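The following pair of complexes shares a single chain, subunit A, combined with subunit B in the former and subunit C in the latter.
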Partner chain A sequence: MMPSLPIWQFDVLLLVLVVLFAVVALSIRNLMGAAVVFGAYSFMMCLIWAGMGAVDVAFTEAAVGAGVSTVFIVSTIYNTSATMRSRPGGMAFKLFIGVVVTLAGVFLLSALPDFPDWGDPNSPANATVAPYYIENSIRDTHVPNLVTSVLADYRGFDTLLETIVVFIACIAIYSILRIETAKSKTDEPEEDIATAPPSYDPSDSLIVRQASRFMVPFMQLFALYVIAHGHYSPGGGFQGGVILGASLILLAISFDLKFLLRQWREKPLMLLVASGVCLYATVGLACMFTGGNYLDYGSLDSVLPNDRAMARSHGILLVEIGVGITVMFSMLAIHINLASNGRFDRGL
Partner chain B sequence: MEILAYILISTGLIFFLGTTIGLLRFPDFYSRMHAASKGDTLSTVLILLGCICLVSTQGEMNWLLGLKILLIINFIFIGSPTATHAMMDAGNKAGAEPWKKDSQ
Partner chain C sequence: MENLIANFNYVIVVILMMIGLWSMLAQKNLIKKCIGMAILQTGIILFFISIGAKNNALIPILTEAAYSDPDVATVANPLTQILMLTAIVVGVATLGVGLGLAQKIYHQHSSFDEDEILENQRK
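Then we have the complex of A and B:
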């Protein structure tokens, strides 16, 4: 691992670009352009995280912020409108908002000097629990990547609840957007997959379809590598799940949404979203049945072949797979909901 | 090997400069996309080749790192022209007029 380079000029340049992109994304009138600028903003944030040495966070930011969320915004624009309507309220309203935002900014900035210096060894975060993780992670869990062992083992409860947050977000979007009645009007009778005409517009470019058909298997292989290799290198269930979801979203965009919906019906999709969380929670329960605390993977050594530390490593892998399943199918379900306007039949 | 790396990376940067100038100076959508796509792909590939030369000089397991960068090159080589093609197609469908010499 290379240490992060202390080039502060580079950081300043990136921060200036971030502020610039944020201002441009707010001031641009065409929402499609704003979405693209927002993706660039996320990518700059990703570079800043990477420069600070937080490679896992940078990975997540690149996959979620610059990748999938831009697609979500675009598919939302597809079903609404790309031009911004003028906001309600006159000059007094704008003045009021300006004062509120300025006050909030002043309060936030006034709290800034209380932060410890970056990398300060005496700061509360570094002085209390962090040394324990750094000294004992390899011995306890055989996981060299501290982020993974902290995320999925030492702080397994937090990650369980984070996964549930993704699950709830998916359920919320589903319950807001899904329209059951509209389907019966627009949907044609169930067609036989073998004889049905191609579900995409054949006059669209062949090149895009073939290139994405070539790339998707490699993307999925890479995503599985990211999930499985998260013990040793940056990555894990969240990043790998997002890449898996993005590979299927790429198929949906380059062919047609119907192409994807033939393989992923609504019911199995939503069941799979829930099954990832279930897998995570079941691993926790299994730990209780084998005599440990909830999510204390060490006690799984009575059913797994190796010692306690290896059992913790395997437990981390299991819960990462659960996280990956939930995140992947959440991304897919959110995209289908946004792109088909909740009808689950056709769309972007 | 390091000298080769620096030659490759600086050639890539020169092509990036050309890409930027082309993007700013060309008259219409299609020629701008053409400059951006070709220059961008070539210079990224050159810089990554330079990175392979750099990692091959340091540390063990560098062949694995080089192989990974080679895979990235492969993906850029496929993905970037395809993305450009899709954008060109979208521009054509949206009705972007190609620039002609006497149209000024």
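Then we have the complex of A and C:
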């Protein structure tokens, strides 16, 4: 009877492991440990999604969930404290919340028999609008990776607004954390980042520094490949942008934040975050000027040398580049803010 | 039992959402709350990916042989995947905002503990 089961043992194992990691990440007393277990949780999640055929989602989760968000948590802890203060009492409250949450869970589980079976190709989610994308993507856009064509073309508005959300989150972190260095300076001597020598901690490993110096160009090359080849393979602006951001974050961690800040000043960084969104929006406007609707790349065929479908393919590439720029620099800006506690001078 | 195994993904989704929600409500530590939020979110993402999965289907990238006439049954649903792809990136941005807020609070009250922060505020 086993082959008739729609889910196989490996998936069951991974799903149980995911719950286990979630519980461990929340119950561990040391916050640094919790951050690392949370990274492992993300990797398990990414395996599950890859197993269900969602390769782009798994790729994004591997770069974002397991990579960058773990780094964010670690750099926050670096500036604060990793220990949790244990205080007596509070058990009754925790139990009460536990009962409430269990009730909510039981209500959700009671809806379980009404769900379409897992993997049913005729379920409402699979049988309504999705077949249109599968059947028409090649004819409309020449893009075999359906996720890319739906992401940047059919649902371009969606992605534009998601990119704006990332941009707004970046600005929000700025307004929360950023402190003007001139005001917060008390007795520390004025130090120009551009001329000051990088201050390596003697305990920093030479091997880590040299290895990451060697790795970063390849990471960036791979990220550019991910953005440019996103039409034909898993990848695209989000994944490539996150990997580019992560390569710079790796430099900041393995050397020193100052090492990075000598190359990336605050102002150009913020301008670049905004320029990605602007590029996306400008491509939309260009479509209007060439006679189409907003973000209808097909009308760009009057300025591009190829036919309508190829123009949509090129439009997708331009938009993905915009997404990549915004995501890359907002990840970097968020990391610098968190790691330097908003001072933009030194940190993790 | 048959039904439970057939819908095991959905059971795990509910359990993950329960764990995440419990952590956001009951844990006193702000960083733990942020991690709980991320777990709640991955639970929801797992739900979307599960409803978009198809048995015996390939990844949503067409092979060259299928360019002219793709068979819908053998290609996974791309729509739920792109919705979740953007949700992951927005999720890390919101996690960053949450951590930024926690860090700011820590520097005002030198504690991540909710009770201590409230006591400090009453003083």
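To be clear about the criterion, the second predicted complex is superposed on the first by the 314 of 348 C-alpha atoms of A that agree within 3 Å, B and C clash if a C-alpha of one lies under 4 Å from a C-alpha of the other, contacts with A are read in each partner's own complex, and residues count from 1 in each chain.
Criterion: a contact is a pair of C-beta atoms (placed from the backbone, for glycine too) under 8 Å apart; a residue touches a chain by one contact, two chains touch by 3 or more.
All values reported here derive from a predicted model rather than from experimental measurement.
Upon superposition of the two complexes on subunit A, no clash is found between subunit B and subunit C, which fit side by side. Vectors from the Cα centre of subunit A to those of subunit B and subunit C enclose 90° in the overlay, to the nearest 10. Legend: residue contacts after superposition of the two complexes on their common chain; A:I77 is shown touching subunit C, with no touch to subunit B.
When the two complexes are overlaid on their common chain A, residue A:S205 makes contact with subunit B while staying clear of subunit C. In the superposed pair of complexes, A:F218 makes contact with subunit B only, with no contact to subunit C.
Legend: residue contacts after superposition of the two complexes on their common chain; A:N341 is shown touching subunit C, with no touch to subunit B.
Of all Cα pairs linking subunit B with subunit C in the superposition, the shortest spans 13 Å.
Subunit A makes touch with subunit C in their complex at residues 5-7, 11-12, 15-16, 18-19, 22-23, 25-26, 31, 34-35, 38, 41-42, 45, 48-49, 52-57, 60-61, 64-65, 68-69, 72-73, 76-77, 79-81, 84-85, 87, 90, 93-94, 97-98, 100-102, 104-105, 108-109, 112-113, 115-121, 123, 125-126, 129-131, 133-135, 137-138, 144-147, 150-151, 155, 158-159, 162, 165-166, 169-170, 172-173, 176-177, 232-234, 238, 242, 327, 330-331, 334, 337-338, 341. Considering their complex, residues 75, 78-79, 82, 85-86, 89 of subunit B touch subunit A. Within the complex formed with subunit A, the subunit C residues making contact are 3, 5-12, 14-23, 25-29, 31-32, 34-36, 38-39, 42, 45-46, 49-55, 57-64, 67-68, 70, 72-73, 75-86, 88-97, 99-104, 106-107, 111-113, 115-116.
Listing the residues of subunit A that touch subunit B in their complex gives 204-205, 207-208, 211-212, 214-215, 218.
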